[in-house]
């Protein structure tokens, strides 16, 4: 059944290309080997049929894809970027950091059932696909990645156009415009989301509510697990310092990561001194500084997409920890990363009257 | 047009905020500046304030950096304890005779350790703190004063009363204390003179009906400033003479306005500022402002006034004000805006006195041969052009020496005088 | 270990002080000869806004028992807005530390003006007590940090 | 690397509280430390000479002094370095007096802390790099925007053989508002004629280029080097371009228009006129009603628009009193009634002026809820005063004294100079108290009523204050020396996220659209370091407060 939803989405995209609404589509597609998915920029609409708007894994975060297409300025192609809500949010964060030029991009998101852990899938793609299909059908996320299991934004609309599948009638989807750009698309295609959104809203609300519960429960547990110095060190002691998490992270847009820079490289004498203080010094060093430091740097922009965890060779629960911390730091400023492209980045602005709980008590 | 080559150095009289501003600017233009100051310290009146309206900015944080800069500036020679004894010549070629009183502490050797204070047997009221605490005969006016070098007050020092006391000298490890220092008199040659001698306050004893001097807890604005100052005698605790904190306070505006015959233009605003002082330390205190006409000119001051009103003060338009003792506290009787006689009872009264010319004004005017007005402020040459030109070319009058005004206008005038000097040279 | 127990704990507190207000306030505390615990080592920066999260974390992970950031009161910043940004950055570090169940009380942000020598003394005394109660920062001895 | 470490005894101040030999023992073995010595008093002449000799003798590459607060003697020791040809930024001062010796009586404690502080200084200084003062060419010419009295005065005081002034006026003539005032308060000196005179002097000044009917199109660049484009309002295609070193914004103010506040009846009721109407009428020589007859009774209404605008314009009471003088002179028998709320006459001469203006024909009434209506051939004023409500008075003529509003249409100036506008629309000064005529953008100054409502007197002072700043900072033939300890952005690390642009409140950072990287303008940067902490890539370094320098200080602090 859902398969046909994919078809419906693709038909819509092809129609849009026909009508010249889009010159190209940026969308995931299975790699020839069949064991993974990547983003492709499709110029020839015929090829859209080979794409998969809802792949079972997120081997590349869509935000990164859009960024690499538009970072150096808008092209003259009108591109539709089809991705998951968390990828759209990442794109918005990147836009706020001047890493995306949205002008000729239409961001299209789809209700997200979650994705499978990359390792699980690549080790056995056929089984993976089957599992994913079942999961999608049954709305059962137990096989999905941990962060997906606690994602309360899987239907969040942050782009120009959203495709609602939840509560949709057979073969059909809800087309929800969320910006002027989005409305224009629907108008030129003489489309309007059939019927009322009531059923979609209802299902989304239900989903969000119990996800929120799960999220806070899981985070509480997680905090017990990894909280405190010992646990924290146990959790991260496997870290190889490969910094893959940072490279896979869509909102880590720096040319050279602060933590790869000379700034955090210490001189030999320094390590000697530390070794002396501590008795022994673990190498590679400063792995904890790297993770905690990264949290201070980008947790306010973290969209809990899980890319970092997929990328970790020693399967640290990076994404889970980050999502937990992100909720806290973004909460400081009543901010939700990527929710709204108009919302200024917390680090680029301030309020005169705020955060007094952070200051010590004084007259 | 001077036939003689004009002198390029400039004399600035008074190291208050206006004098400092002028000196620093002139130095930036590579002029040598002689800055003479009657007292032993720089900063004038503004360093007595903890905060300044309307941004409630910390005054020390605002001033300390420029005071430091002043002391380190190589183009500026600061003469403390100095006054003008005589002036010869005309614009471009003034020869000024300076009398510099002995500090009896060597500015170079002293490193400001304050070790000399404790051993001094003498204790007298500290003028800087408006007599709210005591100082020794060798002293700096307050912690953080700049330059951080004490002076000996010969009026009280035993040694200068023919007694054999060398307590401070013994305490000093730097041979900084030199009883043999002599007052010196010397001439300097300058092209122009900027007079920035500041103001004094109306003597509240002259208006006995406000009870100043007779009633314990009637304070002048400056006394109250020091009471609130974190480097002041109470380290910022607002308390009554008996030591307990007031439950109510009244601020009386326009003290001495009738007598002086002008509005000092800053009293309403600093009186409102006191509302913030009081509420920030004593959140539940009841505050009254007794005023005649509210004078809050300018783009930002009404907003400030509204803020202060919300902070919690009752504004009463009052006339015929009288303050009397009533039990533990005081009763203020006045006629309100409907000419009804009414009264309030408060624990603390703060008087906002008019700004007067500095007591030395007349003398200095005579020495410099420049005009003063009916109120004995220095008289500007012409109000349609600049107010900073005195009646004599080459002599400029800035800040409260020219008339009562706030810090902003004083600084502006100081810069204006610099502008005049540099554009004419 | 008994020895360790009785051995007196001398906290090591890193104090980032802004040049214009808090460093001046600290100096004033000195010139006023106020008694202040020696545990705090002042580090002068031009503005609290210079202090980036990583500096605070490094101090913390390197075993500082406490990290104090002190600057001009809001509205008094020598550079207009610096301390507001500093407060946001500090808030993030503190939240992260708290979120990871680490000892957030080892991090403190205070406003101290140039005339508040006494206040500076009080802040340091208070903070020193807090830290003494918390005891040594375990990170100092942690080999894998 | 040869570091010399010198510990000042400061007499007993440090020596008695700190065991200096212990400090020496702790510092001597450190890498790169060539020599450690103590001295009685390093800031003394002998002390400075001693340091100088040591630098020579040991060929020191870096200097550390452990003594008092940098706020006391940092400069002193940096000067010594400079004299000895050692770059002064290769020096570090450890404050072991104010923040060590003086805050504890426990010698052991103090000694330990002194050791930490000195070690930290040694660790830090190794990462210091020599910094050199830069010199930047600058253009002494000045752009003055606004041909009112402020702009005129500034131009006249600045213009000279070595400095050309470009005076740009939006309207067709110089003079601004005050050209319509016959006299000024408080001493009733001639104004209009005085301004005429000034305008002539401006026109005859070969060093002032006057552009009338001209607006600012664009202001590019920075202090010392601004590029200006102006366009004619009459023929917009006609533009001119020139370069200046500084900009003076003297765009003045305009009187609030009471037309839309019905209670004043302006433009609806005959013989209800504004202050400016009245000034012009008076200047024309005759004060008459519409029917040509002289008014027998006149009411002057103060504070018109104050409530709406939310501030006191501070001059309305005074010029209203001046109007009494006009009337007394031209129509002596007129009955004059002033309706005011609070009489705002600040300053030493104002009250005298007020008292002198009183007379048997003059009334001052403190009013509230005032209402002006037509009443046959007269005008009726309904008001309440202290005693009773809704009193009535009928007069022949009503003069409305409105507040001053900032001139509109400054957006292009504000945007291209990045100066800011307060909530009331007036331009914002750099610092309310100690920098009232400069702005947060270096080299851009404000004077007169564009800064806030003020009298001619104060306007003049501000204009002259501005010239003071320009004459001290922009001297013909002299280069600008920007702050040395400024931020620098590494082109190869910057990713162009513009966070630094957002947090810099001085507009010192610009964006290079070709390279897609941010660039610091060292002339504008004040060296706070905000951008450094804001940059996620760590692409920005603040000279003399680099990550390494601070880190190594921190590292020692935790020992």
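Each chain gets a letter, A, B, C and D, in the order it is written, and its residues are counted from 1.
Following the convention adopted for this analysis, a residue touches a chain if its C-beta (ideal position, glycine included) is under 8 Å from a C-beta of that chain, and two chains touch if they have at least 3 such contacts.
All values derive from a computational prediction rather than experimental measurement.
Where touching is counted per the definition, the chains common to subunit A and subunit B are C, D. Using the mean of the Cα atoms as each chain's centre, the chain most removed from subunit B is A.
Of the two interfaces, B-D and A-D, the higher number of touching C-beta pairs belongs to B-D.
In terms of Cα centroid distance from the overall Cα mean, chain D ranks first. With centres set at the average Cα position, the gap from subunit B to subunit D is 23 Å. Mean C-alpha positions place subunit A and subunit D at a centre distance of 47 Å. Averaged Cα coordinates give subunit A a centre that lies 36 Å from the centre of subunit C. Centres computed as Cα averages put subunit C at a distance of 34 Å from subunit D. For subunit A, the set of residues touching two or more other chains reads 258, 263, 297, 347.
Shown for subunit B are the residues in touch with two or more other chains, namely 55, 57, 62, 112. Within subunit D, the positions touching two or more other chains are listed as 71, 503, 534, 538, 547, 555. Contact topology of the protein chains: irregular, matching none of line, ring, star or complete. Which chains touch which is summed up as A-C, A-D, B-C, B-D, C-D.
By the touch criterion given at the top, residues 53-54, 57-58, 61-63, 74-75, 81, 84-85, 87-102, 108-111, 119, 123, 126, 138-145 of subunit C touch subunit A in their complex. Those residues of subunit D lying in contact with subunit B across their complex are 10-13, 41, 43-45, 68, 71-72, 75, 153, 157-158, 160, 184, 186-187, 189-191, 194, 310-314, 342-352, 355, 366, 386-387, 422-424, 426, 431-437, 451-454, 456-458, 460-469, 471-473, 475. Those residues of subunit B whose C-beta lies close enough to touch subunit C in the complex are 50, 55-62, 64-65, 112, 114, 143-144, 148, 229-231, 235-236. Every residue of subunit C that touches subunit B in the complex is listed here, in rising order: 20-21, 24, 28, 31-33, 72-73, 75-76, 78, 113-119. Residues 17, 21, 25-26, 28-30, 52, 54-55, 57, 62, 66, 68, 72, 108-109, 111-113, 115, 173-174, 261-265, 293-303, 337-339, 373-375, 377, 382-388, 403-405, 407-409, 411-420, 422-423 of subunit B touch subunit D in their complex.
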